[in-house]
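Across the two complexes that follow, chain A remains constant while its partner is chain B and subsequently chain C.
Coming up: the complex of A and B.
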């Protein structure tokens, strides 16, 4: 190879690298966001109005109509989560979604001080995609002094045990039965064996005092992926 | 000169002039970013990149699934990918590494951009209106903090177009994630997000506002050794 040709090749390679770097770092901003006439339908008419438990406030979310599955598969009598109280707040809720459609017969429930020890996966089942949030082990979706309000389907269920009830055995209760069991669910702290919740909307909040500082969502050693 | 009279060879003068211009443009951009004169816009359209940082501390945080149009890298074609767009109205990073592998003349080359002061917990990289198009992200435990955390009132199940991050004159901007309107696009909204010991795969990252990148370094090396193969930047 002549010196001239070697020099030529080095220069071509160098020019390509320079082009790569230049195309990778560009300046200026992104296009301005596409501002809609209304953020959620005409005059924001497609927002839901949702009351948080215990007078903690009113939310007016624009809802995605995407199911969020909170899954903790049961494994024998192993305990995977703890909840201080399970409350049924509203038994027949209708949500309005961002396209103006509605869904009825949903249940509004609240978990007080919800802590996950292990085995939980949140799977968002969107059209043509899934989002998976998978902590390796423990996670907090609420935690001490925090409420987790969930708007769920009636066939969602939790499997819980209590030292003083059911001989400590894991027992499953459908959310459809929560109204009948409210005296029981509200009256005891629960150790959980499993759950399968189909959630349309979830709000995690501190009912009193400052809204920040507690970090109610804690996902240590967690992978979030779009599939 | 060939016998046919056609001239072959390299016009070194013209080539060197073009290379010089390219280098001056790159140098100007790097200097401007370092001096916080301009915003930075890191774009990797055709393939994914590796992202790593010791920590992100962000306020007014949101995540939403959006459709991203991506260059397929051949014939000007494009396709559409669903990504989780993470938005931070204001953010500080404790070290940053972004890398991407490109094939040049059949040889794998890794472009790596790093910044940081090398000290854990100083959050020396600061910017506003940051967006990352995430394929996957993993936060882990470390001496500085643990995994992925959100503070304030967190909402799951919003339409991605309803997620709020940036403000103008004290009012939240509409649809800062530039998500599709309507149903089917999942979103999460929180007041604050602290992410620790982060490694991930992204399509692109944008810092919309003034941006400081101390000790910015850009390297191009043969092979495929990117941010995943390096210790977390700090």
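Coming up: the complex of A and C.
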């Protein structure tokens, strides 16, 4: 009933080998790109050098090619966010990633005092899975007096509304067109109807220095799901 | 209400008795109870991992430990049943896995998985073949 010794020996060997293989292939794990040894090439040669808006600082991040999608779907003429100013800083940025590859034609834009009233979803496109963060109320990525620098793809877009623009109707502007519209976007406060930004890197900072208790990122009552 | 013919009922009873005899023989020729507790410990760890296999495989040890350790305990429980000659090795490995689960998998499935694994693994490790039962006539 229990089979012969030879068969049992094979079964036990198979079980031990399966355990060894499983524990070997799963113990590697993934290190954070910024901390893994040699993650950005020899002597950190593959780090990008990024200038913040207005000379606020220089960053040298180790970018892991992860895309963050900031999505606020438009719903009629409803307003979901406020931005003091939308600036295009650099029109043709090339980012270098940790594996040595590069991506060109990215846009460096800045939102001043970015507040989200509702309806935003942040999706981080991870390797093999996505992490989605959906605040169910007002969220802040920046806030009053804070700049939000974003390095985004050109086909990202914001849909904004202003009384001087088409009588307050929601109008979509692709980031590719920001250079042509900078005279308009830079000079006015905007209420927004929607946006879809594919962000390669984001930096949130207060040009005048930080203040205790004023947190630039607030995601209250956020549903986090892994897809 | 329908009644089965006597021959049919007798056949059913005979089949049931045969199944019971088979199960008794199965149980008495391998570390059945130890394997059962060890396997239940593994299933407990897997149940409380609460993580999809895709996510576990995509991450590192922290994500996949429940699958490796819980799955390993279940695998060694089955191995103990079907390769009882190696019960000492399998039981010892099962106990090691149950101990590892305590530090790796939600405190060993909130202790319960580890305890089941340690008890089950120890029973498997200490199992020995039973002496054949004496026939009643012989005993008399």
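Note that the second predicted complex is superposed on the first by the 186 of 227 C-alpha atoms of A that agree within 3 Å, B and C clash if a C-alpha of one lies under 4 Å from a C-alpha of the other, contacts with A are read in each partner's own complex, and residues count from 1 in each chain.
Keep this in mind: a residue touches a chain if its C-beta (ideal position, glycine included) is under 8 Å from a C-beta of that chain, and two chains touch if they have at least 3 such contacts.
Note that the structure is predicted; figures quoted are calculated from it, not measured.
> Chain A residues in contact: does chain B have more, or chain C?
Here the partner covering more residues of chain A is B.
> Just checking: does A:226 make contact with chain B only, chain C only, both, or neither of them? Give me first, second, both or neither.
After superposition on chain A, A:226 lies in contact with both partners, chain B and chain C.
> If you stack the two complexes on chain A, which partner ends up touching A:55: first (chain B), second (chain C), both, or neither?
In the superposition, A:55 touches no partner, neither chain B nor chain C.
> One more residue to check, A:76. First (chain B), second (chain C), both or neither?
So A:76 meets neither chain B nor chain C here.
> Jot down the residues of chain A that show up as touching in both complexes, chain B in one and chain C in the other.
8, 11-12, 15-16, 18-19, 22-23, 26-30, 126-129, 226
> What part of chain C is in contact with chain A in the complex they form?
Of all residues in chain C, those touching chain A are 25-26, 29-30, 54-62, 64-65, 67-68, 71-72, 75-76, 79, 82-86, 89-90, 93, 97.
> Would you mind writing out the residues of chain B in touch with chain A in their complex?
Those in contact with chain A are residues 9-10, 15-16, 18-19, 22-23, 25-26, 29-30, 32-33, 38-44, 65, 82-84, 100, 102, 104-105, 109, 111, 113, 131, 134-141, 146-162, 173-178, 181-187, 190-192, 194, 206, 208, 218, 220.
> Once bound in the complex, which stretches of chain A touch chain B?
Touch list, chain A to chain B: 4, 8, 11-31, 33-36, 39-40, 59, 61-66, 68, 97-99, 101, 122, 124, 126-129, 131, 135, 151, 199-205, 211-226.
> Which residues of chain A touch chain C once you look at their complex with the stated criterion?
Going by the criterion above, the answer is residues 1-3, 5, 7-9, 11-12, 15-16, 18-19, 22-23, 26-30, 126-129, 226.
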